[in-house]
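Presented sequentially are two complexes of subunit A, the first with subunit B as partner and the second with subunit C.
This part shows the complex of A and B:
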């Protein structure tokens, strides 16, 4: 029998012990609830009733649930536009503000970052005051100037545009900071060499910046996608998912079914589907973007 | 002898200590902190504390841990507390919430000698709401509420219309004609009426047009009926004619704010708005008037209650406090200071103002059919009301017809009546 040496302990058990607190927290608040959620998804269960095992009935009901699929397609549309536009906008901001050479750069970084420090509820309330049909500031100004008000939050299409725009405004600063860190990690010698070689700015961006920023962009892509699928507070405050189902996403529907319609089992089935979708997206994103190349 | 004296002294000291301890036990009751979950329509938590102050002074061992939660979060918070086995000792509850948590409430008869005598003290409609399916009285009614119409009297005056007079017998068709004149005379006023974005307020109109949520025997959902379909079509037509602002039902703007800003001529809301407008409206004169008639006149009765739970930790003290809070003297004080309709038969409230407005709401209650209360008492209905609201909005948007909406609601609602 092989005796444990001091070196073995440091190499095997010690790192695990350091990780233990994090593992415990992760297991308690993520893994166990997820397993419990999976178990609940096979039951019929109200807040005040005992769970009853019903097999895959919740999942088969989901297939024919029009409202669920409507909220699913809304979530996809919101996610697609929000994530892609956030990436473009945050990258633009990062490109402008990463050099530490312009006057007022730090001030602008702070200004763009501040919205991401606010709670989404605060952001939603503020923007509802700005975009409200009758009591909103923009419509008030438009009417004062003789125009008609715009139905920012009560027109089905415009409401989605408003939600996406505010989401980008609120979150872009956070991703800008991540991208600035990524940009500042790119060796300046590469840019100097490109300049000596007479490379144009677009060519430098495509050939140096983008490839070397790939891993940072992947992080932003994954984080922004997960955040977009979990969007709740902003929508709940700004439109309550309306008008009708126009801005209602899966998370709102899960909340409604669980706590207002008292169907915890069915809501769990929805959550499991949402978890699978997010996992699939994440895996695909890693597969597509994760092929790291060496530029040394 | 000396030994006997010492023994006697020891016995005397021991006896005096025992009696002294007994006196202390009787004089200072065990300190209890009652957890109270509350929500506010206006200033109810402040008035509750003020009203019950004398009780707390005469019972210094009772302390309150008052937790105030926004109404939009209230039901979920309470349900999670109950399901987690940690309900509050006392909770403020609406008729809507009552239907959801009814099975978790501790019956009053477990804590009073003559529950029938207690029941007789309250309005029959409130007793009906607070009685569970086993006939047990499970909550102390604190205030009665009703839905009604509040109008901008100044705007009607400006149009030369005596709203007191016309509202005595007006129909919804007559209201449309009158409101067109009011809007014409008040260019800054944009809409005739705002109706709260809730199925409860929509049901006020639905009942007026002979609509129903449920089958008559309440065995199943019964939204698909001619009265409800007619109400939905008419409600949409009012929006299409711009008599009702789209921003309330399509954009969840607050109708009370629109009314206070002078943008709408009237507001159909709960009686608690009297309190709100009394405090906030300074720019124009407002008053409560009878709602126009559809097929019939109707409001929707409701109310607020205080109740304790089967799993509450301090039920006995909670029931003592609730009984005191719900007695005649305290109920009158609370009703007066919160501008609410008292829940007791024997309460005589002299409001500092707005007495006539309360009379109007009471008149509405008197003509309201009993089935309205019975429908809103139904636990299963409360599970489908959010879906009903969504389907109403789909009709207003023109995405589906009224007939499709009622069919959808019946299909979804039937799953809760299995």
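This part shows the complex of A and C:
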């Protein structure tokens, strides 16, 4: 191939011109802000005040900031439960729906995918309507069956459980699709051989399916974890972080400290912590998908 | 044989049960939006509305700025999608079909920006938009997220597979580079254009965080923003809210039903690198 001929101005300039809009946008709205954010984390800064360099003071304040660490641990708890339960549930759905042999399989796949189409705002509104203390349908059904209403969103422990459950409901279908693609990439001969050898279904699952699905599972793990650390909308609509700080996550806290308390420098220091976590998981994802390539 | 049959009946039962728990919440919202206000919370609750009505839709369309929010969102989603498809396909083409210095570095940096989602640079982005005078402008929502690492990645992966001989032949015939792109490459890229367009449209329609940061002016808001504000009020008018929520859901469901086959293949391809 000789795509690039020396001395031909058009062919030399063309790729750069094709790349120009993207490069400009990436530079202006990601790379420069990211550097700016890092610099800001070492300053004291409000929207209407001049930045003042204060070294690591923001970070040392962060170490002792109970509210921040509360939102940090909330995010971890949310992430841990949401991600692990999504993986189990999505894998179960994918196992049931990947063979193209069950009648109505495509229809089921589409049905399970529907919640993933909805914005987190509409998901949050739907579930707030359903889980309402007084007028929600779930509590109505509990009461007609002789039970008591449950404070799904206003009890500090249950609120987290509700948020996690709704997150799983909203996202499992998306990860199911990725896992189905992973399962369908496993050569069928392996399963045939296992059947001939008289391997039981659970045995086949543990010794063939899981090991060969490992990299897909890892991709799902990373994507779901990153998504969980970015969570914002659902909580904004369903609980506003409450009751108290029970369901307040890092992104909420960054938004509040930056835009409501006007402490841009300090909020930037919090963002750096979030960025480090997300970067670590992204690097893992690159490693995994890099390996994936070598199989092709 | 017998064992297999019972297994599949059990599988069906399980799938039907799970499918119901997946769908009923959505149906409950949509059906409730067609109930008159007096029926919405009347005990005993009814699943199917007794008196079907579209008055909630009429009143939410009349009330306040909802039509404005709707047209803002249509504008943002459509223009953003066109822009995203164009610039990402251009970038993907440059990275797939030209050899030049720094190409791999540029590609790596673009993909690496996945590590820096909006959530971690909200504050500097806000200041950047303020400096550029893009706050409270729909272009402030449209332009900054238009270049996407996933879009570039998908476009490049697709275009690499197109034969170079076609491009060479066009060059020998004297075609200029931009003519080759618009006349030859774009028409051959329909599947990947469709995939990028669909996901871009869905994301932009559903997005909340970008509008939240860029827009404070009430008349520039998008539907998702309006819904979030509506639900933040002390006294929620659920009848209107459910109608607006249903209106916000309809476009994404329609796009899904119309382009279903692109969804699943797109997710599978995109998930490899986010």
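To be clear about the criterion, the second predicted complex is superposed on the first by the 247 of 296 C-alpha atoms of A that agree within 3 Å, B and C clash if a C-alpha of one lies under 4 Å from a C-alpha of the other, contacts with A are read in each partner's own complex, and residues count from 1 in each chain.
Methods note: a contact is a pair of C-beta atoms (placed from the backbone, for glycine too) under 8 Å apart; a residue touches a chain by one contact, two chains touch by 3 or more.
Computed from a predicted structure; not experimentally measured.
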Between subunit B and subunit C, which one contacts more residues of subunit A in the superposed model? C
Is A:153 in contact with subunit B, with subunit C, with both, or with neither (first, second, both, neither)? first
Touch check for A:133: first (subunit B), second (subunit C), both, or neither? first
Name the contact category of A:261: first (subunit B only), second (subunit C only), both, or neither. first
Name the contact category of A:211: first (subunit B only), second (subunit C only), both, or neither. neither
Have a look at where A:187 lands relative to subunit B and subunit C in the superposition and call it first, second, both or neither. neither
Touch check for A:115: first (subunit B), second (subunit C), both, or neither? second
Looking at A:219, would you say it contacts subunit B, subunit C, both, or neither? Reply first, second, both or neither. second
With both complexes overlaid on chain A, does A:48 touch subunit B (first), subunit C (second), both or neither? first
Applying the document's definition of touch, where does A:244 land relative to subunit B and subunit C: first, second, both, or neither? first
Determine where on subunit A the residues touched by subunit B overlap those touched by subunit C, and list them. 135, 240, 259
Applying the document's contact rule, which stretches of subunit A touch subunit B when the two form their complex? 47-48, 67, 132-135, 151, 153-154, 156, 159, 239-240, 242-245, 256, 259-262
Per the touch rule, the subunit C residues reaching subunit A in their complex are 8, 11-12, 14-15, 18-19, 21-23, 25-26, 28-29, 32, 41, 43-45, 87-88, 90-91, 93-95, 97-100, 103, 106, 109-111, 113-117, 119-128, 132, 143-147, 152, 164, 167-168, 176-178, 181, 202, 205-209, 224, 227-228, 231-232, 238, 241-242, 245, 248-249, 252-253, 256, 260, 263-264, 267-268, 271-274
Touching subunit C in the complex: which residues of subunit A? 1-4, 10-12, 14-16, 18-19, 21-23, 25-26, 28-34, 36-37, 40, 93, 96-97, 102, 108-115, 117-122, 124-130, 135, 137, 140, 144, 169, 173-174, 177-178, 180-181, 219-220, 223, 226, 229-230, 232-233, 236-237, 240, 251, 254-255, 258-259, 264, 267-268, 271-272, 274-275, 278-279, 282-283, 285-286, 289, 292
Please give the residue numbers of subunit B that touch subunit A in the complex, ascending. 75-76, 79-80, 82-83, 100-101, 103-104, 190, 245-247, 250-253, 257-258, 261, 263, 383-387, 390, 393-394, 396-397, 399, 416
